[in-house]
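Several structures are given next for inspection.
Okay, so chain A shows up in both of these, paired with chain B first and chain C after.
And now, the complex of A and B:
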C-alpha cells in the first residue's frame, strides 16, 4: 500500500513539475537577455547553427566592451524546427517567460512572418536576420514599427544578378536559357523575379526549359538529362545548400558544365566544401566571401570565425553579426532598451561594417538594410573559390526596386 | 436520473472554467496564459480525434486536414471580409464541417486499414492544394499579414488576457459538447460499432451513417481548434494541415488514454509541456519525445489516464 502511494505521489509530483516548468524560470537580475530563434535541427540546421556561432562571437565581443548600457548580454537560443507556429510560440516565450528584452529572429522566411505578427503584439525590438522575402518589410501592411531586417533582400539580389547576367549573356552571346529551381514559393517567386528583370535588360532571351526539382531531392538524374536534352546555351539555378552541391556533383558525372554556361546566386562556403570537383567558370554571386569586399576587416572576421568554429561562416553568419552592430549603435544612441526608442534610433542609421560594399550599411526608413556587399564573379576550384568579382551598382538596384515597389502598390 | 450525468459534467465544466478564468486575477503569467491558449486548440483537436479513434475505432491519419482547414478558413475570412470575429469563426467551422462530410462520405465505408490510408491521402491532397494555391494561401510561406483583431463584446483579442479568456471559454464549451455527444445514445452506438460492428448492424444501426456523423462532428471540432490556433499565431501555415500535425494528435490521444474522455486533453498538455521544456535544453527534441513516449508505453502499457483509472478505479470513474 505504502509502495503504491509512493509511486502515485512520485508520478503526480513528476507530472506537476513537468507542467509547471515552462513558467517557473524568470530572468536573472541585471543580465540583459536577448532571445534568438532559428532552425537549429533538421536538414538546414547548418545555417541556423552558423547564425548562432556568429552571435556567440558577438556576445563575447560586446561583453568584453562593457555590454549594453552597462549590462552584460546573454543570448537565449531556441530551435523552432522551421515551423511557423512554433516560431510564434517561441517569440512569446522568449519575451514573456524567459525575460528577453531584445529579439534576434534568425528564422527563414515562413517563420519570420509568424514572428513579425507576434512582435506587432508585443512591441519589443526585433531584428530579422535571415528572411530574404522582400514583402516582410516592403509591404506597409506587413511592416511592424519595432521590427527591422538586416539581411539580403530578394529584389536586391534579383536586380543585381540580372544586370550582371545580361552583360555576361551579351558578351558571350547566350540567348537560350534554362532554369532549374526548387519547387516551392522561394524557387518559383525568385526565379520569376530574376527573369522579369533579366528580360528587361536583355529582351531577346528565350527560356527553352524549366526544371523544378523537389526540395531535398536526392537524385537529380532526371533533371540533368532534361536540361541537357533541351540544349540551352546557359542555365540559371536557384538551388541552394545541399541541393546545389548534390546537383553540381551529379552534374559533373554527366559533364553538364561543359555543355552549357551555368549561373547561380547561391554559392556559399558550406556548398563549396560539399562539392567534390568545383567546375571553373560558374557565374556566381557572393553570399559571403572572405575576399569580397577585399578588406582586412572582412578577412580578419572570416578568419576569426574559422579559428573559433573550425568551419567557414555563411551568409547567415554575417547578417547576424551586422544585426548586433546595429543594436549596439542604436542602444547607445537611444540610451534605452524600449522598442520604440530603439526603432527611432535604428531608422535611417548608417554604421561602419566590413560587410558593406563601401564599408558601411544603412538601415533605410522602410526598416531594411541597403548597401551590403553584392558581387558576382566566376568560380575557380581553389581558394578564394570566386574570382573577378564585380560589385553591384546600388544606385541601379534602388532605382529598379522603387519601380518594383510601385508595381506591387507598396508605395 | 437521466439528466444527472449531464448536469454533473456541466457543473465540472463550469467549475473548471471558473478556476481557469480566475487564475489571471490572482497571478498574471504570460507563459501560462500562452500555454492554456495553445492547449485549448490542441485539446479540441485531440479530443475530436478521439471521438473517432477511442469511441468509434476509426483511426484517422488525416485529421490535421480539418485543423488546418479551420485555421485557413477563419484567417482568410478575417482578412478578406469585414465580418465580426464570431461570425468568421462560425463560418470557418461550417466550411470544415462540410469538408468533413464530403471526405467522410468517401472514407467511412472502407475497412480500418484503407480508411487510415485514404484519410492520409486526403490530407496530403489538401496540403498540396495549400502549398500550390499561392495567390490565396501564400503557399509554403503561409498566410501573411496577420489576422485583424476586431473587438467582440468589448473583448480585444490582441490582448493576451482577452485571448486567453476567449480560448478557455471556447475550449471548455467545445469539450463539454463533445462530452455530451460521447455520453449520448449516439455515443453509445459508436462504441457498440467499435466493439462489434456486426452486432450493431444486426440491431438495425446503419453503420456508414453513424460513422459519417462521427467523422463530420470530429472534423467540425478539429476546425474549431484550428480557429484558436490561427488566433494564437495570427495567421495560418501549411504545417497546421500537414501529416506530422495529425501525428501529434494521435500521440496526444495515445499518451493521455483513448478510453478516458479527458485522456486526449491530458496527452495534449503533456506533449505541449514536453515540447516547451525539452526545446529549452536540447535540439534533439524528437529523440527525447520518442524516449518519453516509449517509457509511457512500456511503463503504463496504456494512456496515462487509462492507467490511473485501472489502478485507482473508484476515484477516477
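And now, the complex of A and C:
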C-alpha cells in the first residue's frame, strides 16, 4: 500500500481539512479588502492600469509594515470601462457582495460623480483618486461626508496654467486661441475654468473656435481640419492618454504643430513615450515628473515604479499612492475603519510625501488636497521630456480658487 | 450651428480642399469596413456584428508585424491576409452552423466573438492603448493644394481604398467568381443546384469581407490609437453606411460612406455641436424617402 492513498488516509485528510477550514476562513476574513474600480480597458485604460500598479506597490509596502490595524490588506480591482452606471454598480457590489471595507474610486470624472452618490448611500470611506472636476468636492451639495479627493483639481490647474500661459502668450504675442477638449464634465468644466482665469490674466485673448471630440473618439481628422480652418495662433487641449496620443499623431500629418502653438496640462510619461515624433516646444504641465519636485524621494519612487512595472508612472499613479498614505495615517489616528471616524481623521490632515511642493500635502476641510506639485514647462522629445519647469504659486492658486468658489456660490 | 462658417468654407478653396480630404479619408476607411458587412449580408443574409473585431485585430496584427518586419507594406499585407484567414475560420467554425437560423442566434454568436477577442487582445497586447506611429516614408510635410492641407499618407490611403472599390466593383461585375457571388446573393438554391460549391463560395465571401476590415484596421493603425474594443465605434458607423447604401450593395456602401465622410468633414464646420446627430438625421431622411436605401432593391 506504500505510495497509495488509502481510504483511511483520505478520511483523515478530509477530517483535518474540515477542522482547519474555520481557521483558513478566519484568516481570509481577517484580510481587509479594499475595493477599487476604474477604467481598465480601452483608449484611456492607462488611467486605471497606472493607478492599479501604484496601489499594488502600496499593498506590498503596507502589508510588509503590518497592514491596517494589524490586518493584511488586499485590493479587489474592477473594470467599469468608463461607464458611469457600471461604476456605480461595481461600487455597490464591492461593498455589499465582495466585502470591501474601504474604497478607492479611481474613475475619471464621468464615473466619479456616480460613485459619489453610491458612497453617500453606503457611508463607507472612499477616496477619489483620479477625478479632477472641482465641483465633486467644492460644491457642498455634491460633497459627501465620507468621500475625499486625493487628486489634482481642475480649478487649481486652471489658475496655475493660466498664469503660466498668459505670460507665455504675452511673450509670444499669441492672442487668438482655440480649444479642443473631451466632451464630458471634466473637459467642459475645466476648459471653462481655464478660459475664465486666462481671460482674467490676459483680457485681450480671443477664442476663435472650440472643438469637443468624444471621449475615446478614434478619428480626430475633422477636429484637426476644423482647427486649421480657424487659424488660431495657439491651441489649448485637455485631451489625455490614448486620445491625446492619437490627436498628436494625426495632427502631425497635417503639420498642425507647425501652424500653431500648443498647450496642454495632460502630458504623462507613458503618453510621451507612445507619441511617435513628439513635437518639441509644447507648453505642458508636469502631471508627474521624476525631476519635479527635484528630490531624492521623488526620484526613488519613480525609479521603483519603473523597476517594478517596466514603464514610467503617471499622474494617476502618484495620486493613488498618496491616497493610501492618507488612509494609512487616518486609520492609525482613528484606530477604526468606520467611515465617519476615518473622515474625521482625514479632515485637515497633513502628511509628508515626495509629491508635495514642499514635501507635504494637506487634506483640506472641503475634502480635497492642496499643496501638491504643479509646474509648467515645455516638451522635448527625449528625457526628461519636460524642461524649464516653473513651479506654481499655491498662495495665488488658493486666493483665486476662493474667488471662484464664491462666484459659484459654493461658499 | 454656424452656417456663416459653413458658407465661408464652401466658398473658400483652401477650406474646400481640406474638408473634402477630411471627408474622403473618413469615408474611404468606413467604406472598407462597410463593404465587408454589406457583401456578407448580400450573399449570406448574415448581419456580421463581429465585423468590428476584424478591424480591431487587423490593426493589432499590423502593429505586431511592423515591429517584426519593420516594413509597413508587410504589416498591411499581414493584417489583410490574417483577417481573411480569420474570416474563413469564423465562417466555417461558427457562422456556417447558424445559416438560416433565427437572427438572434447569429447575433449571439457574433457578440460572443466580440467579447472573447476583446479579452484576447487585452491578454496578448495589454489593456492599454498602443500607437503604431507614422511609417518613415510618410513622415513628410503635408501637401498644400489651393491653400488646403492634404497629408500624403491620407492621399495614399484614399488611393488604396479607391483602388479596392474599383477592383471590387469590376470583380463582382466582370469575373466569373463575381457573377457567381451576385447570383448566389439573388438565388443561393439555384446556384447550388447548378453545381457551384457554395461552401467554398461562402468562405471566400467571408475571406474578402474579413480581409477588407483587416486592411482598414492596418491602414488606420498609424494614426489611430489601438485599444481593446476599438472595433465597436466603427461597427456602428459601418452599419449606418450599409443601411443608407442599401443592404447588400457595394456601390451603395461606397456612396453612403463618402456621404457620411462629407457630413463629418463639413458638419464639423457648420454644426460643430451636432455632427454625430447630423449623420443620423441624414440616415433618417434617406430611409424615409427610400426605405430600401440608396442602392437597395425594394422587397
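The criterion applied here is as follows: the second predicted complex is superposed on the first by the 368 of 411 C-alpha atoms of A that agree within 3 Å, B and C clash if a C-alpha of one lies under 4 Å from a C-alpha of the other, contacts with A are read in each partner's own complex, and residues count from 1 in each chain.
The criterion applied here is as follows: contacts are C-beta pairs under 8 Å (C-beta built on N, C-alpha and C of every residue); 3 or more make two chains touch, one makes a residue touch a chain.
Owing to the predicted nature of the structure, the values given are computational and were not obtained by experimental measurement.
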With the two complexes superposed on chain A, say which partner A:31 touches: chain B (first), chain C (second), both, or neither.
-> neither
Examine A:362 and indicate which partner it touches, taking first as chain B and second as chain C; both and neither are also allowed.
-> neither
Taking the superposition as given, does A:121 touch the first partner, chain B, the second, chain C, both, or neither?
-> first
For A:63, is the partner it touches chain B (first), chain C (second), both, or none of the two (neither)?
-> neither
For A:40, is the partner it touches chain B (first), chain C (second), both, or none of the two (neither)?
-> both
Determine, under the contact definition given at the top, whether A:113 touches first (chain B), second (chain C), both, or neither.
-> first
So, A:142: does it touch chain B (first), chain C (second), both, or neither?
-> first
Taking the two structures together, which residues of chain A meet both chain B and chain C?
-> 40-41, 45, 81
Write out the stretch or stretches of chain B touching chain A in their complex.
-> 29-32, 34-35, 38, 131, 134, 138-142, 144-146, 158, 160, 229, 232-235, 237, 239-240, 269-270, 273-277, 279-280, 283-286, 304, 311-312
Can you list the chain A residues touching chain B in their complex?
-> 4, 8, 15, 18-19, 21-23, 25, 40-41, 45, 78-79, 81, 83-86, 88-90, 92-93, 95-97, 109-110, 113-114, 116-118, 120-121, 133, 135, 139, 141-142, 184-186, 188
Touching residues on chain C, where the partner in the complex is chain A = 9, 14-15, 18-19, 21-22, 25-26, 29, 118, 122, 126-134, 138-139, 141-142, 149, 151-154, 220, 222-225, 227-230, 233-234, 264-265, 267-269, 272-273, 275-276
Partner chain C, residues of chain A touching it in the complex = 40-46, 48-49, 81, 209-212, 214, 216-219, 221-226, 228-229, 241-243, 245-246, 249-250, 252-255, 270, 274-277
